[in-house]
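First chain written, first letter: the chains are A, B and C, and each begins at residue 1.
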Amino acid sequence: MKALLKEIRQNPLLWLLVFMPVVFFAAGLKPEAHTLLFVLSVLAIVPLATLLSHATESVAAKTGDAAGGLLNATLGNLTELVIALAALRAGQYMLVKASIAVAIVTNTLFMLGASFLLGWLKHYIQEYKRVSARMQAGMLFLATIALLIPSTMIEVDSAAGAKSSQTLSLGLALLLIVAYALGMLFSLVTHREAYASAAHGEDGEAPWPIGLALGALAGVTVLVALVSEIFVESVQKAAEDFGMTPAFVGFIVVALVGGAAEMASAFSGARKDRLDLSVGIALGSASQIALFVAPVLVLLSYVIGPAPMDLQFWPGAVVMMLIATMTAMFVTVGSRSAWFVGVLVLMVYLIFAMTLYLLPPQLK
Amino acid sequence: MKALLKEIRQNPLLWLLVFMPVVFFAAGLKPEAHTLLFVLSVLAIVPLATLLSHATESVAAKTGDAAGGLLNATLGNLTELVIALAALRAGQYMLVKASIAVAIVTNTLFMLGASFLLGWLKHYIQEYKRVSARMQAGMLFLATIALLIPSTMIEVDSAAGAKSSQTLSLGLALLLIVAYALGMLFSLVTHREAYASAAHGEDGEAPWPIGLALGALAGVTVLVALVSEIFVESVQKAAEDFGMTPAFVGFIVVALVGGAAEMASAFSGARKDRLDLSVGIALGSASQIALFVAPVLVLLSYVIGPAPMDLQFWPGAVVMMLIATMTAMFVTVGSRSAWFVGVLVLMVYLIFAMTLYLLPPQLK
Amino acid sequence: MKALLKEIRQNPLLWLLVFMPVVFFAAGLKPEAHTLLFVLSVLAIVPLATLLSHATESVAAKTGDAAGGLLNATLGNLTELVIALAALRAGQYMLVKASIAVAIVTNTLFMLGASFLLGWLKHYIQEYKRVSARMQAGMLFLATIALLIPSTMIEVDSAAGAKSSQTLSLGLALLLIVAYALGMLFSLVTHREAYASAAHGEDGEAPWPIGLALGALAGVTVLVALVSEIFVESVQKAAEDFGMTPAFVGFIVVALVGGAAEMASAFSGARKDRLDLSVGIALGSASQIALFVAPVLVLLSYVIGPAPMDLQFWPGAVVMMLIATMTAMFVTVGSRSAWFVGVLVLMVYLIFAMTLYLLPPQLK
């Protein structure tokens, strides 16, 4: 508990934890104040995501390298998964899909681009091992194809089309999970030494004791789930109040909320000239969402959703994911980076942000 | 003749030759038993394709390196060509196009992916020369563009569109054949030493005497042509009987039938740590179909078909060929392979197989 | 003045200057002879473009490396810019867009491919520094995405769509200009030594004295502008007279007219085994048009055009620019070239030329 309190004192991000009780209080008192609830829930999720991330790493550090890597890879996007589950329960499949697409694009473009750019502030040219980066880019490419195919091939208007789409999405979800599992087998077991540097994790921060870590993992997950309920309920109306589209709010907010902790790690890695780590976190997180979180949500929609969810995205989302993947593939061909590479990647992100702001996709 | 008999005794695949007389007997006796005829004709073509492949190599081995390479490159996909000619004569242009698209995708993804995966069973990491692989990937890229352009640019509904499509397809066919010829000039004449290793061919098997080889080449081609007639007639109805789509049956069967001999060579190369050879066979065969077989079929459709054939494919086929090419380009950027690369490539193939099984394109 | 006359005597291309007075004379005498005026204006622009190019380089040589590079990069496509401005003033936005798309495709494919091919006539395998090539390819990729997004995402039929398209195009134009400025900062200031070889410019030709150079720069620009007026007025009708489509005439002519001087430099570099220079000119010119000329035209359309111009291209143009960019990215992965690479790149160009000839896009 002392470790937890010490962590909170040192990390200003965690001071936001004060919004935790505030959001529940406000939700009870004024359930119709959507914009307020939206802002409060965002402010409350950010520190929870940070705690969740640290708890996962602490458990991973204790359980040894292979199991720890497995745990880290599985729970690394727990916040995104929990938020998406709340949206799934509410039957808001478009929000689920938007958050998947956005998380992939943000991790690939914004996190990667900003890491390249930040790294330059201290280092003229940075070298990094590209083995891991290319493997992640390859996995992302596979996932993009799996999301591209049903969206381009299916005639949605027919009932038969909807049925086939459902079956195909289920098959693709299983296939992606198998690919993800094989990818972990490859990087954690058979070709482990090639990933030695990337698996190192962020040093510097002392891991928590195992008891605290496990307790925090369980407790914080529950808290994230509770706040997510409020977040999902309020986001739609809040976006309208802001005069923005749900898609754009999702684009900015899901990136901020779900990825805050990972971005902190990636950027700190880049500044320490450990670009391996930054690239690994950015692309690893993107491919995890594409190959693990998204298919798991499809499977869970059969259990907890009002109807099965398929993997058909709106065309703009497919184009964005495809371009993000191609950018990652292009950038990771070389193994050196200078600041302009970061600028190019960030510019692609800005094009998408600008487009979504001005041209809201019809999510309903 | 002794050499032929010895070969048949040693190679279990050739025992399937017994189905040769059976299929002709059955076709005469029960011409309406489509499913039976389909199965029998497939079983009969496999050993014929193997013989054809060995005959070509034997002639190539005798005629010296440059001419042999030329012969090998031209006749390497003779089985596919003969089957497609039977379909062309019958006016089944959709089957012709499907078999072209499928052969490209299967060679690029399945043969390449399985070679990478098989290679790993004996070798931890495999290195290969990427010069040849990248040239083949480049040729494949060119061919994909040539097939992509008419399919995306033409308004099919207008009569003028159909006319332009015809002229454009003819022009593109001639252009692809020129590119193919220049590619052979490059790899067999001007920059030959860069391809030394790939041109080696499969050693171990003794070539046949030239007389036998030439005789076998002529005789077996005729036999393949005869069996192909029965195959093309029966495949459509047989697919319906299986409750499958012609596209899916084509996907599996053309791959198996036409590519059996090449796959055997590619996989054996991979296991002997001669990944150069495997990659060369897989991508070389794909680019040969795209740059030589497909355009030749367009030209021949003016002579033997009921109407000129164009190069417009259904959109799904274009997407698949494009993705297959991009996968080949991505994979051949590096010059090392580990088993997970094979898994990724095979997964892309599985996505396509799954999609075609569930979402049959309208081929009629 | 002597330097100018000497240059004219030595360079046969400049003898075409005699068509300058002829075109003005003809325009005054027979304003309805469109085909004649078209041919004459093309013949007159070619030598002017060459003079403009030499004047720019002479000023650049005098003003020191960073400022000179800046000048060169900004004025390198002055001819294209002036021609496009004439079309912009006339409200012929489709011609403007066609000339942008065509200039990108021609520089990327024709100039690059021909350089690779020509280089081989004297050199078996050519090596080049790929740092600069990859940066240019990356900038081109960014620009293609910026042109792809509005063209794929916007429903043109609605009034709201047209308004959003306008705002988005303006935003993208500003973003591209910022990217272009940062790219110059990168290559001219912070990472300048990596570009040392490419910045060298064409030696051999003595620069003009600064007074002559500045005077020529101003005077020739005015002349190009005057001839462009006649060119833009006549091209549409002339194309009809030739029985060709404006798109095809644009494809051939804009390439010839605007790029003549650059092509001369690129090809001469390739023959001297300075492929760095050729690749730099080809891709640099393409990315300059995409990231500087196109956005500047969008901004200027608010000032001098009858209505704001957006960045929506017809789908075929987007496909062509995307494929050209992918080809450049694929080719610049390696840092060696042999003649077949040139053939492949040129073949892609030929496919586009053939398609545009047979399948005119509806530009009106």
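Quick note on the criterion: a contact is a pair of C-beta atoms (placed from the backbone, for glycine too) under 8 Å apart; a residue touches a chain by one contact, two chains touch by 3 or more.
Quantities reported herein were computed from a predicted structural model and do not represent experimental measurements.
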Chain-level touch network, classified as line, ring, star, complete or other: complete
Angle, in degrees to the nearest 5, of the Cα rotation that carries subunit B onto subunit C: 120
Geometric centre distance via CA averages, subunit C-subunit A, whole Å: 41
Touching two or more other chains - residue numbers and ranges from subunit A: 333
Subunit A residues within the subunit C interface of the complex: 124-125, 315-316, 319, 323, 326-327, 330, 333-334, 338-341, 343-344, 347-348, 350-352, 354-355, 358-359
Complex contact set, residues of subunit B against subunit C: 134-135, 138-139, 141-142, 145-146, 148-150, 152-154, 164, 167-168, 171-172, 175, 178-179, 182-183, 186, 190-191, 329, 333
